[in-house]
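Okay, so subunit A shows up in both of these, paired with subunit B first and subunit C after.
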Partner chain A sequence: MTPVISRGSRVVVCAAAMLLGALQPLALIAQDPDPLSRLDPQTRYTIELIIDSARVAGVPTRLLMLKALEGQAKHVDNRHTIAAVRSLFHTLLDVRVALGSALNESEWGAAASALQAGVPLEGLAKFRGDRNGRPLLRALVTLTDLIQRGVPVSEASSAILQLWSRGAGESDIYGLWKSVDQDIHSGQNPGTALATRLREVPVQVAPGSKIPPASQEPDNPSS
Partner chain B sequence: MTEPKAAIAALTFVLLAPQGVLAQIASKVEAGSIMTQQDGEVPSSVFSVAPGIRFDLPYLALAAHGSAWLTGQQWQIADGTISGSLLSPVYNHFRAEVIGNASRAFFDRSLENDQVDAQGRLHMLFSQNSGIWVGGGVARPWRIAVVSAVDVTGGGAWTKVGDAMLSGTYTNFFFTKVAATRDSSGTTQACGTHNDPVAMSSAAGSSLSSSAATNEVNDCRRQSRFSDVEGSVNWAYGWLELTGQAGYRFGDSYDVTPDSRRWAAGTAVVWITNRVAAVMGGGRIPANPSRGLPARNYANFGMMLSTSSIPRTTIPVAPRTLAAVRDFEVRPLATGTQKITVRVGGVETVEVMGDFSDWTPLVLMRRGRDIWDITLPVSAGVHEINVRLDGGAWLAPPGLPTRRDSFNGDVGLLVVP
Partner chain C sequence: MTDQLDPYVDWIAREARRPVAVDPMAVERVMARVRLEAPPTVRFARWRWLVEPRSLPLSPVVGAALAAGLIGIGVFLGHSTIDRGSLTRTGQFKTVVEPRPPLASVHDTVIKFVLVAPQASTVSVVGDFNNWQATPMTRTPTGSTWSVAIPLRPGRHVYAFVVNGANGTTQWVADPTAPLAPEDGLGAPNSVVLVGGSAS
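Here is the complex of A and B:
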């Protein structure tokens, strides 16, 4: 028998078709109330012990939980996942020593990344100075990336700290990173690319700043 | 189950997806004119609306699509299909797949039937650009003259050449049906004898069965077997996508009518925007003896409004490297949401994960030929993100600062102001 749709149903069908067509891609991200339940019980127990220690020490615990979930998602064996979480915990303790506790979660994470990339504690501590409300994130992310790309730690730290101290904003630092990124992709030596591009960053010197103007070489030139 | 009840059930399933699951819903609707002609009949033309919806998880895809025709002043429901596909991860170049479908086919009042089928496939991936598969399954049609399940076995191969995808399949069908007394060439067929009062009563309404009042039945039952060889090519470049296929059917004259020996069809999709395309095509569709559907010629022209332009294919390609990614962009939309767009061609799935998803993979939606995107709630700050193609390794997206991830890999660092 041929199914025939009534006038009212026709309206519904048309509306449904339009709705389907107009439907925006929507990621359904269900909130998992207990994300650590993805871990096996023994690993979870160990991770929770580390998280408890972090809570007592006053460092952000969510970063540790996320590191455990990252390891699980990447099918890393439990031993390495626990080692990574424990290492991050110790790094966060170092971040607190270098920058204090008045950081948001992203800044904790970015600073930990910088330390794990090889930035010395005293180098990171230099960012503790006058921030004038500027977020540390871009500076620390760029510093971490430059080191990973092969810029010597001392040169990368010096360059980013110089920009930071001169009052460079997010866009200045991002612009520097983009330029250096292009140069590295075109075959330039990472350190040379950074030194060259650093001279081109048009930042204003903060009043009373003792930092040399942009045209001068970084503190620890390497090339 | 009536259509409204089925629709409600499907919606309920989508809305009650298991907790902790990350998935995407894609939809499309096609509207246009379809002209069909069966041999010896006058061509007919109808206006058709064909909506479809897909629910994607990393290794599971559920889909439903259907069509409705406007004939005269009335709409009538035509075809409808609900399907699911479960894919295993790739292990040593091998990948398993289980496919299930439930479908309804409707031509007219005398030609409508339903079918459920299930298949298993084993894929072997040779490289980034080619693979083969073998598999088999069973289908069960209703309301037609086929009185057994339909055994389906087959295999296929595929390869990529530049921007083109070439594939070939061999499919063998085997089933028992209530037979006509003459084959397609007019030769009289021998009828089998068997004892089956139940089957006899079910076939009593068919003029194809011979009359018999006793348990010994003298109807025409025949083992049917035929095999299809089909090749197809899909080529896409920019806003244009072309697909063509051609096939040949092997079998005796009873199972294969002359109008179904050879067939060919082609489709062109012209993308006007990332979501709107003009679709046109035509060709010949062979008969489907296991469902009693005749061969026919067709031509169609219409528009497609889509959040997912290209249906998921049955070919699970091998993982590709990020070198294939031409662009990776993160753009803020409304407060707290970011749209991640990846431009990469020749892949079946693109996923991202990061701290914003508690490191659970999210499947990106395909738009147009090679654009994939997803809109996510991402708070301000620094977020770690990985991307992978076709279930390969998790890698840092291009164009973002990176750092080591403590697990011998890299993550991208996404700064959201």
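Here is the complex of A and C:
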């Protein structure tokens, strides 16, 4: 007669199987394989439609997903979250018009932020072309921040584009930003602080970069 | 009741008792047809072996060992598939020396986020690097400053601090030492940090 599995063994095996089944989902949660699952189904559906459109259009989709997650984290109304994601999608399409598609994800995000801060499309397009290793990302982030801190869009765009055209390096742009930031915190007018500090930036012309004529200014933006 | 059977029933009984004459060759014909049937293939035999119920002799100790092994495999597979991002790439944490690094483009993959919030009960940092899920910050021994070191990939990252006050209030705060990202309809503005060589 064949011995059968004892009751205790069966209990242990069943418990192990259940525990194993419980552990695997935990591992999947740790990987966060589906971040959009945090959204309610209707919002998620709409966001996925936008993301799908972005995929077809060839703009980065991860930035859109992150925007949706940001809205969820900030407990923003679903309609506003969808509106923000949709707005970002359209802004990314504008970025592609201004700068082309040869950008990394960070540059896409920085350029979109610059447009959202009020930099006109024509102004952003002036950063297009051969960079000669110059820091597009730093330039765009600094431009956006200066506008956020109260520097008029036209003055901020002109200053950063001037540095960019003269072949300014990352340290030059960062140095300018830090000085202006200090001046603003000490109570100076943002626009005046930028104009003053801009004259102090010792820029070496990078090989291959063009020095614009003195009259060259970016188009007057509508801020 | 009467002992006399109904004639019809009597007829049935007689018929039932009558011996049946079987053709002596019938058995041979049936067996010949059976022998003509193809034997079951090996494939089906193996399948039957797999699905056939059987008793498995297993002591409680062996059962417990088997269970522990299955759990171990599950834990190992789950643990080995967790994405640890740049932490696994760098292999170690390196503290950024500069006290307020988000401004600078650093070459380390670990960024130390710092916020002075003496009245806060807890502070977290949220951003695109953690899918906007809070990473708790720890209070420094001085008691007024909160910090956390997070490995970041090179590039531009957007983040904010979530400050929980002692009175139960929650406030989203941009980093006062970092560049700002524009407000885009989601409430509090975010800060920006540039990391590593791709910042150029």
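Throughout what follows, the second predicted complex is superposed on the first by the 175 of 223 C-alpha atoms of A that agree within 3 Å, B and C clash if a C-alpha of one lies under 4 Å from a C-alpha of the other, contacts with A are read in each partner's own complex, and residues count from 1 in each chain.
Here is the rule we go by: contacts are C-beta pairs under 8 Å (C-beta built on N, C-alpha and C of every residue); 3 or more make two chains touch, one makes a residue touch a chain.
None of the values given here were measured: they were computed from a predicted structure.
Trainee: So, does A:Ala125 touch the first partner subunit B, the second partner subunit C, both, or neither?
Mentor: Neither: A:Ala125 stays clear of subunit B and subunit C.
Trainee: Looking at the overlay, does A:Leu93 come into contact with subunit B only (first), subunit C only (second), both, or neither?
Mentor: In the superposed model, A:Leu93 contacts neither subunit B nor subunit C.
Trainee: When the two structures are overlaid on chain A, which partner does A:Ala110 contact: first (subunit B), second (subunit C), both, or neither?
Mentor: After superposition on chain A, A:Ala110 lies in contact with both partners, subunit B and subunit C.
Trainee: Figure out whether A:Val153 sits in contact with subunit B (first) or subunit C (second), or with both, or with neither.
Mentor: Neither: A:Val153 stays clear of subunit B and subunit C.
Trainee: Indicate the residue numbers of subunit A shared between its subunit B interface and its subunit C interface, in ascending order.
Mentor: Comparing the two interfaces on subunit A, one with subunit B and one with subunit C, the shared residues are 2-5, 10, 13, 16-17, 20, 23-24, 26-28, 30, 32, 35, 66-67, 69-74, 76, 80-81, 84, 87-88, 104-106, 109-110, 113, 116-117, 137-138, 141-142, 144-145, 148, 170, 174, 177.
Trainee: Please name which positions on subunit A make contact with subunit C in the complex.
Mentor: 2-6, 8-10, 12-13, 15-17, 19-20, 23-24, 26-28, 30-32, 35, 66-67, 69-74, 76, 80-81, 83-84, 87-88, 104-107, 109-110, 113, 116-118, 133-138, 141-142, 144-145, 147-149, 170, 174, 177-178
Trainee: Which part of subunit C faces subunit A closely enough to touch in the complex?
Mentor: 54-60, 62-64, 66-68, 70-71, 73-75, 77-79, 81-83, 103-105, 126, 128, 131-134, 155-156, 158, 172, 179-182, 184-190, 192, 194, 198-200
Trainee: What residues of subunit A sit close enough to touch subunit B in their complex?
Mentor: Those residues of subunit A that touch subunit B are 1-5, 10, 13-14, 16-18, 20-30, 32, 35, 66-67, 69-74, 76, 80-81, 84, 87-88, 104-106, 109-110, 113, 116-117, 137-138, 141-142, 144-145, 148, 170, 174, 177.
Trainee: Could you list, by residue number, the parts of subunit B that touch subunit A in their complex?
Mentor: Within the complex, subunit B contacts subunit A at residues 3, 17-29, 31, 49, 51-53, 68, 74-77, 108-109, 305-308, 353, 355, 357-362, 365, 367, 373-377, 380-384, 394, 401-407, 409-411, 413, 415, 417.
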